[in-house]
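So, here's a batch of structures to check.
One chain, subunit A, appears in both complexes that follow, with subunit B as partner in the first and subunit C in the second.
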Partner chain A sequence: MTRDVLLKIEGLRIEGRSGDTWTEIVKGIDLTLHKGEVLGLIGESGAGKSTVGLAAMGFARDGCRITGGTIDFDGLDLRRSSEGALRDLRGARIAYVAQSAAASFNPAHKLIDQYCEAPVTHGVMPREEAEKDAIDLYRRMQLPDPDGIGFRYPHQVSGGQLQRAMTAMAMSCRPDLIIFDEPTTALDVTTQIEVLAAIRDIVRQFDTAAIYITHDLAVVAQAADRIKVLLRGEEVEEAETRAMLDAPREAYTKSLWAVRTFARPEQPAATGKPILSVSNVTAAYGTVNVLEDVSFDIHAGRTVAVVGESGSGKSTAARVITGLLPPKKGQVLFQGESLPPALKGRTRDQLRQVQMIYQMADTALNPKLRLRELIGRPAQMYLGLRGKALETRVRDLLDLIELDPDTYIDRLPGELSGGQKQRIGIARALAAEPKLIICDEVTSALDQIVQEGILKLLTRLQTEFGLAYMFITHDLATVRAIADDVVVMQQGRVIEKGTKIEMFAPPHEPYTELLLSSVPEMDPDWLTRLLARRAAPITHGAD
Partner chain B sequence: MEFAASVIFGLTALFAIAWVLRASARSSLSGNARSLANDIPLTAAFGLLVIAIYAIVAISAPAIAPFPEREIVGGQFQAWSGAHPLGTDRIGRDMLSRLIYGARNTVGIAFATTTLAFVVGAILGIWAALTGGWLDQVLSRFVDALMAIPALIFSLLLLTIFGTSVLSLILVIAAVDATRVFRLARAVAQGVVVMDYIEAAKLRGEGAWFLIRREILPNSMAPLVAEFGLRFCFVFLAISSLSFLGLGIKPPTADWGSMVRDNATLITFGDVTPLLPAGCIALLTVAVNFVVDWQLHRASGLKG
Partner chain C sequence: MSNVIRMILVRISLGIGLLFIVSLVIFSATELLPGDLATQLLGQSATPETVAALRAQLGLNDPAPLRYWNWLTGALTGDFGIALSNGRPISDLIGTRLGNTVFLALYAAALSVPISLVLGILAALWRNSFFDRIANAGALTAISFPEFFVAYILVLWLAQTGIFPSMVRINPTTDFGDRLYMTFLPALTLTLVVTAHMMRMTRAAIINLMASPYIEMARLKGLSPLRIVLRHALPNALAPIINVIALNLAYLITGVVVVEVVFVYPGLGQLMVDAVSNRDIAVVQAVALIFAAAYVALNLIADVLSTITNPRLMHRR
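On to the complex of A and B.
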């Protein structure tokens, strides 16, 4: 790269406030970005990726302050610029695409109104021109119905489309630099590919420089020219993408690679009666059937992965099993006995046997209760433990999930990290001493290193207590790591089921093939090859 | 002028005492109480101090008051003097004593009323949001119907029907206010009941009472606390205006609202005495809201 330098950050230091004390969260980062270049920033949560990304716009989040270093954007010192000068820059020359497009769009305005806001305010073009431009960009981003989609409200389009509309919006003023903050993390694999391809194309077409922040190496490998690895606010290493992937220098970078290699030892084939059978279940919300004639079995001590994209009915199946949604037809058998269809009809013991762990530990734990009560409640309710016995049990459970009881027992969920919260979710499920645990996307919101910790913990607990897991996920890497049996679902139907070995060996059903091929690989050419192989251009209907 | 100066001096003194108390709390306490003391803003310290003073005055009224509440101890409308620091009222009862007893009656009733309105309104509101369906419809439409009638007229109507004892006063105003609390609690709880942790608790087989008490209520506290401060003041004003209309606390029981009415004629002579009960109400209102603001700030986790 011999092109002009666009952004140069030197010795950047940022402090964050917790309570009354300031701690350094970015400890002297240097970063150089040339015009038209894409830099991937990767690292686990808390590495300071997003903070650095925002600092590139001269911005520090509430509770953060930039304390040292220089940020030079095309000859402009962003640290010394006035708030007004920065405002002129942001949106016009530097744009930002956030992780959750759904949360970043204003739900009360149409997409195109939000698109036009930046160019009109910055005086780049008048409203009519901006609208035409928006439609043109929607077309380039491969959005369905580019002429009409802008006139919809954010809740009327799917997550993947929204993320592309957000990228188009960031492009509206043809900025020199775009910061992508985990743009595909919240999407499922098939959608992720579309967004990733669209982002890559548009950045190339307009020769825009970009900082691509993610914790997923395979994703960043597709989009970035160079990769920088961060750990706890410090740089670990930086190299060209290919060089980095072929030969990572530092041990930490190698450990990032190794995460993907975790695998649970093979289990002996299932024998005997299944612990839970879902038999010919049809379920509906109102009059729309979301599950059609679904059947599968779960055996004790085994993990059944239920795979499919958003809206395939995976979570609905879990709701039927737990009794939240009584089925229209069919039934759920637990150890050979039919479970009452509705939650209200089930005995306390039947409730105890099936526990659930949720995707978003943030919303699954009552933020106002201390861990003592969060974990202790099921034990108190189901097993009648009180006083000392309850305290001992809670402490044992905390030990099991590898959290120190003395430190954590009186904490609130808000005082824990994402991975720790998920561990509390696991402890709460274990407290009931269940036979089956339903894990609904439990690792999707976590970064890879934390994910691995959770998967290892689940595996260990499974061997220790002979638990059966129903593992709902869209991440096939996770399936490969821990599943024994796989159920593939699409549009409320079971497309294919069998043991993991059968499932990952060809031949596949077309949909299974699509899912399998959509899992990003650690090869910078993977996306290009995949898109070429799927001869047809990216399908519009897959969202 | 002299009066205004003494009011300003009094308020400044209260702030100064609040500041000193906060400083001594910070240095003497430890642990949780210490962090609370560190966190408290001066306005909230002032509010707490004022509330504490009111509470002490209300509880120990017979000990503090120089004269009994209902006894005629002097001539009518006597000026401020050594024997009667705030003079006497229109039938010759000691103003200061009645002001002190008034704290007991007015504040006590207002507090009981607001608390009752909140307990009933919040529990029903959360229950309606949690259960949904026809129960929610029945309760909500009933509340809508009650709210359609102007509050003051409705209370006047009910008080005329049930008579104006202290108990019926409390029940009537609480019933009227509970409708407002119900609406708020229901709206807030509707946002909470969709969270996964509520689903998790339902899956666990928890009953409605546990869900309301341990899962939903703690997560709905912030807006309810803010509303409490506001409602408390409204109830105060409602009691005072009812007393002013002659339907509230019955004479000869001392009550700030009726004290303003009884002595209103004095204002025409340039005497501030009738305004003192009103001033007491205003001061308590401000103090309660200072404390509520602080609590709201803590509960909602707002910083800065």
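On to the complex of A and C.
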């Protein structure tokens, strides 16, 4: 069945400004979207997918300009339309759903006021009608308390609910086209499913066309009819979703799959004494307990993945281990000896043994220091290296993380890519020659291919130096790839712990089961089946 | 809501505490001044007996803590004592002048606050346009000249031509319309001096927000630029704007000595300067305390207003 063409983009070229020079970031993209069709746009960061999505609204961000091609929306040439004509279109016939709903809702106004703004401004319906409509859409988006939720401010509503409220808001004028820009990327895996299902249903109910932008193939497979893969502003390939998943043609598309198949060789079960034990730790910020009687062990040469959603206490556990947050009860044992609870009480050697790598390499590296100093500082402080010895050590470390010392030793963090910065974070942790490295979501800000490089590097360093890793993550694919042992946390408690093989084999604790089953699979029918399965048993919970 | 009331009560008590400390500082600072008040008042030719009598009458022989206590309790009931230079009660001296000062400050604020808000908002709306540049350049020029210079230029243009009076002759019986007319030039001078600061803060606070995702969202909803600035940027920019307005209002009450002198305006600033040159310590103390109270009160109001305009603080989860 062919339907009318709604949006036709041909030869789209967009330039972005960095300093005084303009560089092309979208290099001749063609795109056709029919009425009621959902197109998935997928690619790494910098592929230009958001830029293309915004161009479909005739919009270019500040510092970007559309330099070539045509954008035809239902017979209207958006490149030649006036600002006023575009304003009439935006929000009314083409709507936008942003990645971070928390940042994209105005903190100063109630949800329903922001909902009513577009329909009232565009003259689609008067305020009272828009309010009733909002409540109806909130209900369809399965928001809790649909009658009252609109009268809350954005900060009073959770991230997943905000994302659904934003989708409802995009629907307010019943547009012909909605641009979804990474709508579930910032959400926890269990929340992601709810939002994904709600988006898919509402788009089908109103027969709205959509462009669904994401970097996650498995997610887009659930929602899109067709998928277009972008790389550095150019199209790699485009195909029907099933055809693309069954038989990707291009090498780059295949490489997007390959990441998910990386796995570290299995290790024999742990023997002997653990290198670090967290023993019955309860910790609190103020009077609220964020960790409740948490215990787990980490053995030398092994990786313990600590898994859980945001707010589950994973990072707090790391803060207790490093001494940043002294626990209220319980203790941390290093090689059988109790560590002083607070940072101040620990000796320099105790501090040296446990190092950290952070999620945002961007903010974890001092932008004013050269790599020589960034990596050299811990070697100097903990091991007393000076002069020639220090220089040699820094060069060795750069070699270890696969960056050429001659090229990189005098660079600033600003002159590195995201993946390279994370490698510097690793080198800085290694410089102290620790026994345990805590990796706090170290790959979640990175593209999948870069992630794979970092995971391989960490695995190699572990075998070489017998390091123990505590790997904090919410990404179960990463856990599958590199963990030996798994600790599942929820609301400050350890729900389940064991070796990876035990954890991934049934039977699971209900929460572990929920987490595991929520990881999207590369199968267009996965979401439908999952929702059917979850709806079936009577034991299904209220959430 | 009870949160806000509690917050306001806490701030008020902190403000009172702060004023108490300020009063201590004022009192000790004047204590440190050299010379003896009684000798000062009676002149070099006074006999030791008359000096001693006056000291006793003024209570200068009491220990400092006791004098401080008497002064503070007096001040709390509005009794600042007797002016040493002319023997009149200080509260009488201050009363009308405080009224005049507050009148001038409010007049200047009523002109400058709307002007700076409108100019700041328009400058943000038409960022980097010709208007933006002219508004910025004009505001900077006005703030760069010393106040007395601005005042004399205005006198040259608007008073020499006979449109407005260059000297302010007002007394408690002057009616409101005449007051406005008489006081126009000093108010305009002050407006020119304080507008730049408030306008530039308004502009900067709004522009700072224009890169936020929720502003992009508003643009993608097809809203007009004016609506985006007024409804989406301004409410979130209120806290810094309110604070800079409060600072400038405090300045209008406490820092207008030069302008008062130029226009012979009977305000507190002149009183303070006269009192300093006459070594009339009691008046200096009283005026200093009033100025401090104005600063504390205005900042308190700014804090409270910034809080109640922020839904994240008003409506907890």
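Keep this in mind: the second predicted complex is superposed on the first by the 501 of 543 C-alpha atoms of A that agree within 3 Å, B and C clash if a C-alpha of one lies under 4 Å from a C-alpha of the other, contacts with A are read in each partner's own complex, and residues count from 1 in each chain.
The criterion applied here is as follows: a residue touches a chain if its C-beta (ideal position, glycine included) is under 8 Å from a C-beta of that chain, and two chains touch if they have at least 3 such contacts.
Just so you know, these numbers come straight off a predicted model, no measurement behind them.
Contact with neither subunit B nor subunit C is seen for A:Thr528 once the two complexes are overlaid on the shared chain. In the superposition on chain A, A:Ala108 makes contact with subunit C only, not with subunit B.
In the superposition on chain A, A:Leu343 makes contact with subunit B only, not with subunit C. Of the two partner chains placed by the overlay, only subunit B lies in contact with A:Leu351; subunit C stays clear of it. Using the contact criterion defined above for the overlaid structures, shared-chain residue A:Asn280 touches neither subunit B nor subunit C, since it reaches no partner. Shared-chain residue A:Tyr96: touches subunit C; no touch with subunit B. In the superposed pair of complexes, A:Gly63 makes contact with subunit B only, with no contact to subunit C.
The residues of subunit A shared by its contacts with subunit B and with subunit C are 62. Those residues of subunit A that touch subunit C in the complex are listed here as 54, 57, 59, 61-62, 86-92, 95-96, 98, 100, 103-109, 117-118, 121-122, 152-153, 155-156.
The part of subunit A that touches subunit B in the complex is made up of residues 62-63, 322-324, 343, 346, 348, 351, 355-356, 358, 360, 363-369, 373, 377-378, 381, 428, 432. Subunit C meets subunit A in the complex at residues 211-214, 216-224, 227, 231-232, 235-236, 310-312, 315-317. Those residues of subunit B that touch subunit A in the shared complex are 195-197, 199-206, 214-215, 218-219, 221, 303-304.
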